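Below is one structure, written out as structure tokens; comments come after it.
A, B, C and D are the chain letters, set down in written order, and residue numbers restart from 1 in every chain.
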Amino acid sequence: MLGAIILAPLVGAAILGLFGKRMGERLIGLIACSTVAVSAILSFYLFFKHHAELEQGQKFYEYLFTWISVGTFRADASLLLDSLSAVYILFITFVAFWIHVFATGYMRGDTGYWRFFAYMNFFMFSMLTLVLADNFLMMFVGWEGVGLCSYLLIGYYFTKDFANDAAKKAFIVNRIGDFGFALGVMLLFLKAGTIFYFDDPDRGIHGAFSWAFSQAHDPLAWSAIFAGGMTTIAILLFVGATGKSAQLPLYVWLPDAMAGPTPVSALIHAATMVTAGVYMVARASSIYTHAPTAMLIMAVIGAATALFAATIGLAQWDIKKVLAYSTISQLGYMFLACGVGAFGAGIFHVFTHAFFKALLFLGAGSVIIGMHHEQDMKRMGGLKKYMPVTFATMFVGWLAISGVPFLSGFFSKDEILYRSFITDGLPEPWPVILWGVGAFTALITAVYMTRLMVMTFWGKARFGDAHDAGAHGGHGEEHGHGGLPRESPRSMVLPLVVLAAGAIFAGYLGVPEGLSGGKLPNYFEHFLEPSIARSKVPSGDAQANGSPHSPSGETTIHGAVVQGSAEVEDHSLERMLTGVSIIIALAGIGMGWVWFGRKPLWEPPSLLEHKYYVDEVYDATVIQPIKVGAINVLWKFIDVRIIDGFVNGAGQLAGLVGGGLRHLQSGLARSYVAVVVLGALLIIGYFVMR
Amino acid sequence: MVPLSWYLGLSALLFTIGAVGVFIKRNAITIFLSIELMLNAVNLTFVSLSGFFGDVGGQLFVFIVMTVAAAEAAVGLAIIISIFRNRESLNVDEVDTLKL
Amino acid sequence: MTNLLLEWVIKTIVILLILVTAVAYATLMERKVMAWIQMRVGPNRVGLGKFRLWGLMQPLADGLKMIFKEDIVPLQASHWLYIVAPALSLIPALMTFIVIPYGSQITLFDHTIELHVTRLNVGLLYVLALTSVGVYGIVLAGWSSNNKYSLMGGLRSSAQMISYELALGLSIVSVLLYTGTLDLVEIVEGQQGFHGLAWNIFHYPLLILVFIIFYIASLAETNRTPFDLPEADSELVAGYHTEYSSMKFVMFQMAEYLNLITASSISTTLFFGGWNGPFVGRLPLLGPVYFTVKVFVLIFLAMWIRYTVPRFRYDQLMRFGWKFLLPAAIVNIIISSTVILFMR
Amino acid sequence: MGQEKVLFIVFAVIAIASALNILLQRNPLYSALSLIGTLLALSALYVTLRAEFIAAVQIVVYAGAIMVLFIFVIMLLNVPKDQPQVEKQKGLRYLAIPFAGLMIAEMFYVLRPIRLSTLPPVPSGNAEQAVGTTWSIGTSLFTDYLLPFEVTSVLILMAVVGAMVLARREGD
């Protein structure tokens, strides 16, 4: 069954890749959507059939074949379904299905229709492999597969230079992260002797996580990073996550990745692939909980990324770029959650974010199509009356991401902020700092999202006026005459509505107990508990009993004890912080509304508009030195002198030897016979004389 | 009865004659014939050992050698024909450029 | 031991004499059949003194004539091969007969005599081996004459024989599948029952197809019209025996008719019950009679075909052999083995 | 001297004489005919070794098919006699003698200790199934040696295709 889930999209990809060129658009769309639908239906079926067992922590394996077995190293092609991967495949296949549906409309008339859907299906295969793998090497296969698909789809418009450049940038930056990931897996194997996640007695497999549990906690110290132990593994894996999930300092590829078609941005660069890093960190939570240094670094980087990207997002004019920075920022929140030990909250945010960010991207795609391929917000405005459904659904997404109460984003973001405030895994004063950064970021988030909405849907219509956009004048003339904006076709609107519903209601699966007073069970986190390691107090062994900092029983994510004490806990702190969050969100929206409602074309500080000049800094500090070194050292010295010298020398040597040996190869059959006979005689003679 | 060693000795002689033929003849067809002679000498060894040891395997081997010889003759003669077409000669000492 | 040897010698000599006589009268028969088919009378003059005897003495006269002809060896011919070639073509044709049974057994002077010279457990393979060796006479005759027509005849002959030998051998395989033995004596004995009429061709009706393939292939093997390209007189003068005269020519002619007789005998043995016929169990002497009659019926069939069907063109001949006869034989094997599989 | 030994010597002499004749003849056709002589003599020797099937197949396949093919090609090419006789390595001709001597010496040295002189008795009662009969060869061929048999058929197929490709003229 699990095999069928990952294979269905692969079959679709194979069919489309091999025969798609001769198919019609309807058939291609049908195949692409139906294979993903198969995966989705199977995922839901498995989930509802087994959710009780999954909640108990049972794991379902599906062994396909032994992939590599060398010495003690073993890697199986085998799949694992536990509560974590179950959650992932549910929302991946669900969101992906609707994005596929959306794409059938969005890509209409494109010459590479079949190619697009072949890549998309292959992406689904890779992503599901990543999620369902039961060892790190299989995960790495999926990891690289999604990277490949990302590359292919970013560079989908391969006739355009900027798309190719963006694709290459994404690939190369990801390569840095992947290298870290691979090193981490190798080190893990070296230390643990296995790359499987869990024990599986049926196959006689020892899991890396049970090894991790048997180890002592690393100390919270810089030296631990370089000690080659658990912390080093965790840091290396986190390097991989920063690449894939676009965290500082490797986030630079994601904004450029918007060069791909919008459904790609929605599926790969918002909802699924970029959250693979969070998935991996949550999956390896047993390792992270033993490496507090890595947790601290992860939390700080997450928070920093969130703030950093949010501020850049304030100053972008391209509607997709705004969303891209927003994605980076939200990913930062997720890592912040993981870093403070709230893995469940992080995954919950992944889950809700998948809905509202996919919704926002698809809405943006709908706007772009409606505007006849215009992405610049300067040339939008007043679209509300032209695209009512798009507006309505994006409105939902806007409120959800801004943290307006009772929408999905509110619950998950609030949970993260609360957890970072009360975390006991980090030394003082980090929890407060992290909470502060997170809260401030929430404010900025609300502001820039309001800016986006205001510039796009409210105010004066700025399209059709070619002289308005200054530098983009020529651009406007090309596209500006396509007539008035109009609402998108039904195949695009329907996914928007479905995802909007998701953005509203997804949050109710995981309402924090503090808010509901325990009336509503936090179903989501209970479900995830068995798959995620418990965050541990670094100083003591009082793992099971709450923590001194926490007024709440939910300070740690672990199960039984928390439940036992939860009922008597006081939720006042949590409720107070929630109130602060609500105020922040409403304040952000209000600020944005007032400011940008009045001056929608307000020029932001150039530092922000140029993204803190990070690309320029990277160019100067990393790329130029590499280029200079490559040209002067690698090319002109090593390649020309040494390697070519070796190659040419080898060639000349071979020429010399051949010149000598040529006389043996006379072409005269009889001399060959003479040699053969001589050899035979010698061999027989050897055996005779022996 | 005829001792086994007589058969094997005859086989050895025939094989040597075949080998000498490959050595000293220059006509490609004659060389080919000498090779066939060597194959037959080996066949004789197989058949005689098969007979004396009462094991049918040797004769099966001969059977297969014959089919291989047939295949070899087909390909070999085709090569000889195409060489002759190109060079008007069957002298192996003239065909030494390692190409047609 | 000596008794047995004596028996062999006597049987061999008798067979040889009978065969030579049969060949002689086969030529006469050929001329008569040809004449009748062409609405003529044919040779009817040569008799004993005043008795014409429907020209029965014609073969004798022909033989005498040929013996007294001048024996020519071309100057540029490869002398030794030129002389050996006719013998090479005659001897295998004669040798075939030692394995063909022409009767069950008769008692003569208190001595039971098996009516076949010898029995081999690979009898049929022996026949095939001799058939395939028989081509050398023709090929070498063609080559040694140092005459382009002869050479062409020899080349055509060797190609034709290799091609049709495959169909011949493969069609026999179907028969072997039914009989389960290579021994000709056993094959004939297997066809005894039902008053001597349990012939293979009645017993296994599928063998009719096999027989047709076999007969066509053996006509080609014996270089009979419509497969007489090696001696096609309109193209190659007289083919491989253009240069031959006198007794050497006679030997080629004899070999040709002997091959025809052999092919007919094998057909009889394999398909038509050999010496079997009604009452042969009670009266063993009937065996050779039945056998002879059957053989001559088949020979008549060959002559009938010869004077009815035009000659193939060379490429048609090859195409027919490789693209029709051979596949047909293979299909037959498949069908036969399937049938046998279900019969058991 | 027993009957078998006489037979052996007769056929052995024929075989060796024919084999030597292959080398002595200048015309490949005569060489080919000599080889046929060797083949026939060997076939007779096979019969003395109770390998009737192989003996018959030897004639059918070797003498009847392979050698006919050789002769066909020799006649088809019909190489003119006045060809220049280029010989690029004259030394080989003289090297052949010591090599041959050494080879024979070695082989007879190996054969020296072999003492076996009687064929195993034919199992009474089932002479049909003794080693060397069609039955025994067919049975082994289609049971124990089925794979080699099938592989051989593939080999022949390849040879047929190869021969076709090699021998056809350009543009045929």
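One rule holds in what follows: a residue touches a chain if its C-beta (ideal position, glycine included) is under 8 Å from a C-beta of that chain, and two chains touch if they have at least 3 such contacts.
Since the structure is predicted, the reported quantities are computational estimates derived from the model, not experimental observations.
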* Least hop count linking subunit A to subunit C through chains in contact -> 2
* Imagine subunit D is simply missing while all the others stay put: what groups of chains do you get? -> A, B | C
* Any chance you could check whether A-D or B-D wins on number of contacting C-beta pairs? => B-D
* Length of the line joining the C-alpha centres of subunit A and subunit D, rounded to whole Å -> 73
* Asked: How big is the gap, in whole Å, between where the Cα atoms of subunit B centre and where those of subunit D centre?
  -> 7
* How many Å are there between the centre of subunit C and the centre of subunit D, using C-alpha atoms for each centre? -> 29
* In whole angstrom, what separates the CA-based centres of subunit B and subunit C? -> 33
* Asked: Which residues belonging to subunit D are in contact with no fewer than two other chains?
  -> 53, 57, 65, 69, 76, 88-89, 92, 95, 99, 103, 107
* To do: For subunit A, jot down the residues that touch at least 2 other chains.
  => 668, 670, 674, 677
* Structure fact -> Listed in rising order, subunit B residues that touch 2 or more other chains are 19, 23, 26, 93, 96
* Interchain pairs in contact, sorted by label -> A-B, A-D, B-D, C-D
* Can you check the complex and tell me which residues of subunit A touch subunit D? => 668, 670-671, 674, 677-678, 680-681, 684-685, 688
* For the complex, which residues does subunit B have touching subunit A? -> 19, 22-23, 26, 31, 92-93, 95-98
* Interfacial residue positions of subunit D with respect to subunit C in the complex -> 29, 33, 36, 52-53, 55-57, 59-60, 63-65, 68-69, 71-72, 75-76, 78, 128, 133-134
* **Residues of subunit A that touch subunit B when the two form their complex** => 665-670, 673-674, 677
* In the complex, go through subunit B and note every residue touching subunit D. => 1-10, 12-21, 23-27, 29-30, 32-34, 36-37, 40, 43-44, 47-48, 50-57, 59-60, 62-64, 66-75, 77-82, 84-85, 89-91, 93-94, 96
